[in-house]
Structure formats: C-alpha cells, structure tokens
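Pasting the structures here.
Below are two complexes that have chain A in common, paired first with chain B and then with chain C.
Showing the complex of A and B:
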C-alpha cells in the first residue's frame, strides 16, 4: 500500500485546524477566567494614607467619592477631639471658628461627662482628610478615609490613585470593598456594606 | 378678486407689523426682564441653605450635678509589718531626685539585655492608667485607681520582692478617659503626697501610711479637673506641699505635717490647671517654683511671692513641664499642634522678665507631646510627636540655642511613641508604648542603639514615668506594673 504523501496543502489545513482549536480553546479559557475572576474596585488603605489632601482635589467627580468614615470602637470619645477641633482652640465648643472641617461635616454630640460622639455627615464631606490628620496625630486614629462605592465611578485608571504619594489606593475585591480600621466591621460587616 | 387682494394686503400689513416691532414694546420686554431679575436678586438668598455652627450645638451637659461625698484617705489595710530595707537609693518623685530624669547612681547598668538583664522580677495588675511610681529606700509608692473598688488607692510595695506592705484608699467615681490615674506621688523621709485623678490631694505618714490631711481642690479652690484627669505630680519641698490648683489660686503651699495653708498665690486671670507639674528652679541664687498652667507660665518663690508670670506660653493642653536650664533659658513644649517655645529669663534688681527666643511648630524643631525632655551636657533630648514632620516619633537631640536645628535623630526605623525615658549610667533607657525597653548610648554626637527587649508582652500605652533605684527599674503600661533588675 502506497503511503499517502503529506502535501503542503495538508500541512496548511492541519495548521489552520490547530490554530482554530487553540484560538477557540483560548477564548473559552479567557471567558471562563473572566467569568470566574471577581470584580475589583478601588480602595484606600488607611494604614498607608498620609492625609495629603489630594483625594479631595483629584477625583474626577465634582465632589470626591472619598469620604471620612469613623471606627467608633477605636474612638476615645474625647472632649478635645483632634479630628474635630482646630489645634490650639481654647474653649471646646461647636462654633464654626473652632471646627477643623472646612465644610462642617462632623457633628459633635454630648453623650455624658466626659464623652462626646463624632458623626460624619457624608453628604458634606469632601474627603480632604484634615480631620483624619488631626485624629491620627493626636488621637486613636479612628477617623479614616475610604472610597464610597455608591459614589465612585470605579474608573479604569483611578485619578487619585495616580497621584497618591503613599500608594495607599489599591484594587480590592468588590465583595470586600472597604478597609476599615477597628474590629466592628468584622462583626457588623453586612450592615456597613448595606449603608454604601 | 378685489376681496382677495384686500386680504392679501391685510396679511402683508400684518407681516409688516410683526416684522417691525414698535421700539417702545421692545424696551418694555427688556424692562420686564430687568425687573424680574431685580426681583429675583432681592428675593432670593444664596445663603438660605446655609446653617450656622454656633457654640452649644453639641448639647454639652453641665457636668456631674450630683455631689459626691469623698472622704480622702478613709480606708487602710496593712498586709505586712515594715522591715528595714538595705537599699539606700531613691527616686522620690516625678523626674527623680534632681527633677531632671537623670540618675546620679554610681551603680553600673546593663548595656544589653543578655544574661537575664531585663527579666521581670515581679509584676502587679493595675487599674487602667499612667500613674508612675516613686521609690524611697527600698519601697515603692504608687497611686493607682482600683477599678473594682472605684477608689484612688495608694499602694506601698517592697521594691525587691514586690510584696504589698499596705494600702490606703478613698472611694471616688472615675470613668475611663484614656486611662484614669496619671500622677507620681512625692515622697520624702516623713511624708507621702499624692494627687488623684479628680484633684484630691492626700498626705500620709511615709512609714506607717497614717492619714495626715487631704484637700479636695475642686471643692476648696474651684479647680477645673483637666481633660483626661489630673496629670500634675505634687511636689514636696522642705516638708511643704506645693500644689498648683488653678481656680481660686495659682499656687498654694501646705505644711505637710499639719495641713495648714502657708500661702496662696491669687489667680486673677482665671488660669487653669494643666497636666504639667511644678518644678523647682534656682536662677541667680533665687529659688522658685515654675509651673505651666493653661493660660500662662508662673514662677513663685518659696515664701509665696509671685516672681514673674507670662502668658506668652498659652496652649489648651500642656503635659510636659517647663524645662529650666542654668543660663535662664526655659524650654516649653506641648502636643496637639502647639510646638515649642524657648524663653530667656532675666533678672535686674530682683525684678524678673522673660523674652521669647524661639517659637516654632512641631515639624520645625524639638517638640514633645507628653514627656518632658532631658537636659544633659548642654543639650536637649526628646521624642518628637506624630505631627513632627519627617522626624515624627524619632528620638532627637538639639542644642537649646537653636532647637530647630536637629543635631541627630534615631534611625528611620527607630520611632517611638509617648513613652518615658531616663538617663542613667551614660545611657538612655526609653520605654516604647508597647512595653519594649530600648537602651540608647547617651551622646550629643549621634544616635547609637544598644539593645531592645519586650518587657511587657502585648503592652500598650506605656506612658508612665520610669523610676530607678539601686539598679531596679520600675515601669508600667496601662494595666500592669513590672520591676526589672538592670544592674550590670
């Protein structure tokens, strides 16, 4: 029996079939991979953040998606709060001249002697981080900045991540979109995420 | 046909009328628009959605309206009969025997933590706080806040064994506020003087622990207890208790034996008590008690004369005390963004005046938030605060002639917290917030780290001043006091 000659045409046909198979397989694998890979979102690592203020000015949104959040379990509930009061104020009252926040986005509420609670009004917060710097320098660091995902456009290349001097902004899985200081998030994670 | 033509003419005339709007009508429209704009301008208020931030919006309460009955020194418990100690050294007060945080002991101390140096000899659980111990010839005195009994409790321990010899206490309600206790008692041969978190002064017989007298400064002097409670460590000088209450008196002197008031310096400007402590200082042969209150700094002679005062140094929270140097320079520093100031004290014919030599923010030079720096060999040594810029939390050295010129700093990795440090046997012993003790070679030339050891496992907020006597170093974090032997 004469052996069939492997022609150039056969070679091209085989090559085309193999290429097609590889392409289809690759495409399927890529699709499967994309299907399986979790969506990622931008977030600030509060332990790296240096409160430089660029989050307020570099976000593409008219008002930055970066907001101050408060880890209440870390807070000292101090009368003299470094995140609320400007340095050097004499009388610890709520007058505008005393407040560090340029938009009065922190509400101070008396609880009982000697404790005060500090609540962030996110609709007023512009993410400047001044309160975070004050809290970090003089307090327990319970105030920190986070990108709020109900506001963030999740740009392909985050404008504030580009200019962050401490590389504090990174991609995190969308299923755990916040990096919150303190332990309360671990217990109360569901509630927190629902607020977003 | 004619009718059609007329209609056309009518239409033409209508077109003409529309095309040529009478001039008066055009101005009318403009006028109406202008009037509308004016009405809008005067009627609308662009600030109508603004809300003002006024004092009192936090609904601050009026403090504790219930008058608590406090009987200072009412309880006593003896655990063990006193026996003569062979130890002869003392660390009898805040900043030690010479008010400088420098040990004058000749005992050689460890350069490293090898061979068991730094091993814990004994420890005691304490109420949350930052009160430091005083040591007098083999005995330790500590004003603790006992959270279970809700009491200011003065403990007397044996330095070597840690055994409790006796305790005296009185009930007073204190809530957690970054710790509760935070003062060091003053001790001499005969007396122990303590000041509790809510300004209760107590004087005891040192040997027996017998109660001699007490003063409730809030009641007697209308003292406003500082934020985070009393930080002023009381002073005994020549068997006289020296206290700075604020309120009705800037400074008072009380006979330790009788409790009689010897003098009071009035407080016309209403300056308040700070966390700072009174330190004695002798300038041009004149002894004086220097104190940084909230409002200004004062100096009072031992017979109660106000020698000088200035409001140049006035910040809302002051923990470090005034560091007075031999040439009349006074280094003042505070946290919370205040920074530092150097005053020059001068005297002419018994009249004193001060002049500001340096004043700067914490990022620009030596500043300290909690501990008072150490003055040694003409230089100042301290730990920078967290808002100290590039040098934040570093241990630094400056010449007081220019405190903005940092001569050396600890390494980039060697950053510390609010913990205490002392000079002893040519070394700095520096305790970090987490209970790690560092040994640093004392030098004005550079930083040289010798060794480190975690003394208190999982320690936190280890801010209380250290006490050292006979080679025994007593230190604490927020919850625990330990004693280690650092003899070489």
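Showing the complex of A and C:
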C-alpha cells in the first residue's frame, strides 16, 4: 500500500491537535497550583450554623444526610435539657408532647441524680436542627449538626450549601471529615479539636 | 442530707432554666459552656460521637482507572475491532457503574465548573481526580474521537440505550438548537467562576434517576428527556451538553477517528440513514466555478464580520449583567434589601433574618455585592464576545466548500457509537486485497 501524502490539511490538523493538547495540559497545570491529591467532602461548621432548618429540606437525599451529633465532651447532662424539652414544659417526663424533636430521635437515659444522657438515634434524625437551636440557646451547645458521610452522596455542589443562609457548609479534606465541637473549658474558648 | 442538698440543687437549677426558657431569646452567638461537665460517681463512661468515614479517596482513583479502561476499550472497539456490540456492552457497564453505583459525582461534564472555579477562586482547592476527570476524556477525544460519549458518560449512554425510532430533524433546527450548548457552557463557566452556582449539576436531568430520588421537578425533567430520547436521539448531548462543546473541538482534530467503512467507500448509500444523530456527512456535489467564487467572497465577508459579532455579543450580554449577577446570593440579598427594605421585618425570610442577626453591616454587603457585579460586567462581556464569535464562525462555515467523495462521520458531532459501521458492506483491507489478487 502506498503511503498517504502528508497534505496541508494534515499539517493544520496536527498543529491544531498539538495546540489543543497543550491547552488542556496548560489548563490542568494552571489548576495544579492549588490542587490536592485528597478528595474534598462537605461539612457544616457548627460555629457558623444558625439552625435555620434548611438542612432537613434541601438535601438531595429523601432523608437528609445532615444529622444531629452529640459532642458529649461539652454536654452538661442537664435534667432540663433545652435540646430535648419544648420550652415551658411543666413536668420533665418523656411524653411526646414534651419532646422538641419532631421525630423523637433523642433518647433520654437516666445516669445518676440529677444527670441524664441524651443519645441521638440517627436513623430517626432528619437534621432539622430544632434540638440544636434549643441546646445552643439554653445549654452548652453540645448538640450540633454534621453531615454524616455514610449517608452523604458528596454532590459536586451541595444542594444545602447553596441555600445555607449563614455560609456554614464548606469543603473539608476527606481525611478530616468532621468538625465536632470540643470542650470549651478544657481548651481555649472558640477553638475546637477535630476528632476525626 | 446529701439527697436533700441534691434535690435543692436540682430544683434551683430547674428554676433558673425555666426562667431562661421563659425569657426565650435567640442568642445565636452562644458558644460558652454554661453548665460544667458533671463528675459522675457511678462509673459512667462517656461515649464519643461516632464519625463514619466518607468513601475512601482511593475509590476516586479506582474510578479514574475504570474510566481510562473503558475509554481505551472503546477506542479499541471502534478503531480496531469495529464492533458496535463491544461499545454497547461497554455503555451498559458505564451506565451501571458510573451511573447507578457511583451515583454520578464528580463527572466530567460537571468538572468544567470545578476547573472554572479553581482558576478564578484561589481559595478553592481542587482535587486531582477532578482534574483527571476533566482532562482525560478531552485527551482521548483528541486522539480517538468522542469515545467518552459513546461508552463512558452515564448521561449519554442512558439516552443512547433508549433510542427506538430516531427521527431526522431539519437541518436549520439542528443547527439552531446546536447553539444552546455554547450558551450553557458560557453560563456554566460564568456562574462557577464567580462562585455563584453550579448550574450543570443543579439542572442535570439524569442524576435523580441514578440516585433514585431528587426534586420532583428534576425527576419529571429526567423522564421527559428519556421519553424524548426515544425519538430524538440523545437530546441532552446534542442540544445542551456543555462538555460536548469541548469534546467537539478536540474531536475535530482527532488523530484517529471512527470511519464508516473499513476500506474505500463505494458510495452505496446504505449507511446514509444509519446514524440516529444525523451526523454523517454526505459526499458533496461539484460546485460550478462561479458558485465557488461567490462562496469565497461570502466566506471572506462573514470572516470580516466576526469582530462585529464579537462586539455586538459582548455589548448585548453586558446589558444583561445586572440580571445575571442575581445568581450570586450576596448580590441577590443586597438588591432585595435595597428594593424592599420593609422585608427586614419579615420574620419568615430566613436569608434576611440570618443576615440581620449576623451583625454584618449593610454597607459591607452592598460593597461586596458591587464588587461581584463589576466582576459580572467583565465576565459578561467575555461571555457575549465568545457567543458572538461562535455565531460568526457558524455563519462563516456555511460557505466553506470542502470536497468530499465519501460518506464520512462529522468528526465534531459524531459520538463514535459505531452504529453506522454495521451498515457498510465493504470488507476490511486484508480480505479484499486477497480477492483483488485472485481477480487480477
């Protein structure tokens, strides 16, 4: 078979191909100045969160990947828990009418007089943040919202982040995927330790 | 005695708490430990919050490896094996793996936005797999044509697999609708670069199907696109996909590309209607000399008009920048507060209430919004100029006369699905040359 002649069109084509390859390479190189080998995941900064309740309704999942997390380090183990009871309850019993949580996802467990432990049942939690608002307003703020990575689909753009009014949702490296509040008394106020 | 004291404490703490509850003040900046951590006497051990790990980063690299493998196999099937069946099975695999198992993110189509954001927003760190997801299909397209579309893109293959009875759209409609991807690409880059929104991901019609759940309107849109695909093949790819624009550019100059015939085209016309996307270029008729001259004249005229198109496009788009900039939440909020100051009393409006309670002064918000809007002004000039350029080139290309003797796939628009290959009656070189020898 005779060899095909190298025409002018071939020359233009290979020139364009090389420039396109250089362009793609250049673009990739430009982005490499702030790249990292690790994947990024979404997480809520509990210090920015204002418990607006959009986490419950805006996640792409049928039940939000945002759940309430209990930072036990911070908890006062109060009998009258601002995150558990509705404001103004008369008797501190666990009847449904007393509970702040719309899905009864918080379990109240007696430990010793006068302390109670509060456990989040994550399969019931919808991430509405009502308990977080209560705990932050009246208690230590040990209840706070976090994106649970066993649930999260890690969308390219988090649908909740887009509507978060307080810009609390940001990308964090996958190796430190949680921002869990620490003990403020033990540490400096406002600082937190990432317990991932 | 001890018990009594405890009860007293309990009571008093209850009273204090009840007092606080009645004084229901939403102090959002409360970040102090109001109640000290108790010291337990019963040997209670404090549990620690569980932190389920995200999908390991290693999986992202596995995905990259699978993407590479799928595209290499597709290139081999198309260029060497000439096997439509191979492409079909590959595409089913990709639909299952990249679609239903991986559930989409990050995909190559969406990665355009991550690239744009990281170029213009240094604070956004991009991860290496995203860069690879963006660049690899383009590089493959540069050498083997759009094999990514045929085999690896879950958005493309889900439409491709439901094609039943494709209709041929009139050429003018095809061309006009074919302009939309450029607009979509431009807007996607604009919104991503300004940190406003990721519209490609937000309006992805198929991700809801892959995840078996999304907003109702998006599910409807996805189903509508699939129903449309039965008759108008790959509507999203042809008339929306912004990544397809980039793949088209690279595929145009591809080193190797699918050819309908393995040997010389005998112009038997059997493949003429085999392409559901209608991207097979027919052989051209010989033009008369005067037509050629006229075409050349028009080509020159339209080429000279391109700068005008760029300017007109840029100017027109810059007029729209105040509207476009509303996609940024800060600009939207600032504008809302300036135009409707009475909304400050609207307790239902979460965005406004959160802004007011954040303690950020109004003038700071307005300053930031102004800065973003001026960015939008520049960006919309560039976007408009780009769209003007595309229109100019599209018009100019009408008068490009390229002689074609064969039926060839249009390298820009061909998805390399390989359907046309089965229609070609010509056999591959080696066999034919043997027969040739015998006949001679």
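One rule holds in what follows: the second predicted complex is superposed on the first by the 146 of 196 C-alpha atoms of A that agree within 3 Å, B and C clash if a C-alpha of one lies under 4 Å from a C-alpha of the other, contacts with A are read in each partner's own complex, and residues count from 1 in each chain.
Going forward, contacts are C-beta pairs under 8 Å (C-beta built on N, C-alpha and C of every residue); 3 or more make two chains touch, one makes a residue touch a chain.
Please read these numbers as outputs of a predicted model, since none were measured by experiment.
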First (chain B), second (chain C), both or neither touched by A:162: second
Touched partner set for A:94, first chain B, second chain C, both or neither: first
Contacts of A:114 with chain B and chain C, given as first, second, both or neither: both
Touching partner for A:57 - first (chain B), second (chain C), both, neither: neither
First (chain B), second (chain C), both or neither touched by A:180: second
Partner chain(s) touched by A:76 [first = chain B, second = chain C, both, neither]: both
Of chain C and chain B, partner touching more chain A residues: C
Interface residues of chain A shared between complexes with chain B and chain C: 76, 78-80, 82, 87-88, 92, 112-115, 133, 136-138
Residue numbers on chain A that touch chain B, as the complex places them: 76, 78-80, 82, 87-96, 99, 104, 108-110, 112-116, 133, 136-138
Chain A partner contacts - residues on chain C that touch it in the complex: 3, 6, 9-10, 13-14, 17-18, 20-22, 24-28, 30-38, 40-42, 44, 46-49, 51-57, 60, 103-107, 110-111, 113-115, 118-119, 122, 124-129, 131, 134-135, 138-139, 142, 197-198, 201-202, 211, 213-215, 249-250, 252-255, 329, 350-351, 353-355, 357-358, 429
Contact footprint of chain A on chain B as seen in their complex: 51-61, 63-64, 175, 177-178, 227-228, 315-317, 335-338, 369, 385-387
Of all residues in chain A, those that touch chain C in their complex: 1, 13-14, 16-17, 20-21, 24-25, 27-28, 30-41, 47, 50, 52-54, 60-62, 69-80, 82, 87-88, 92, 111-115, 117, 119, 133, 136-141, 148-150, 152-157, 159, 162, 165-166, 171, 174-175, 177-178, 180, 183-185, 189-190, 195-196
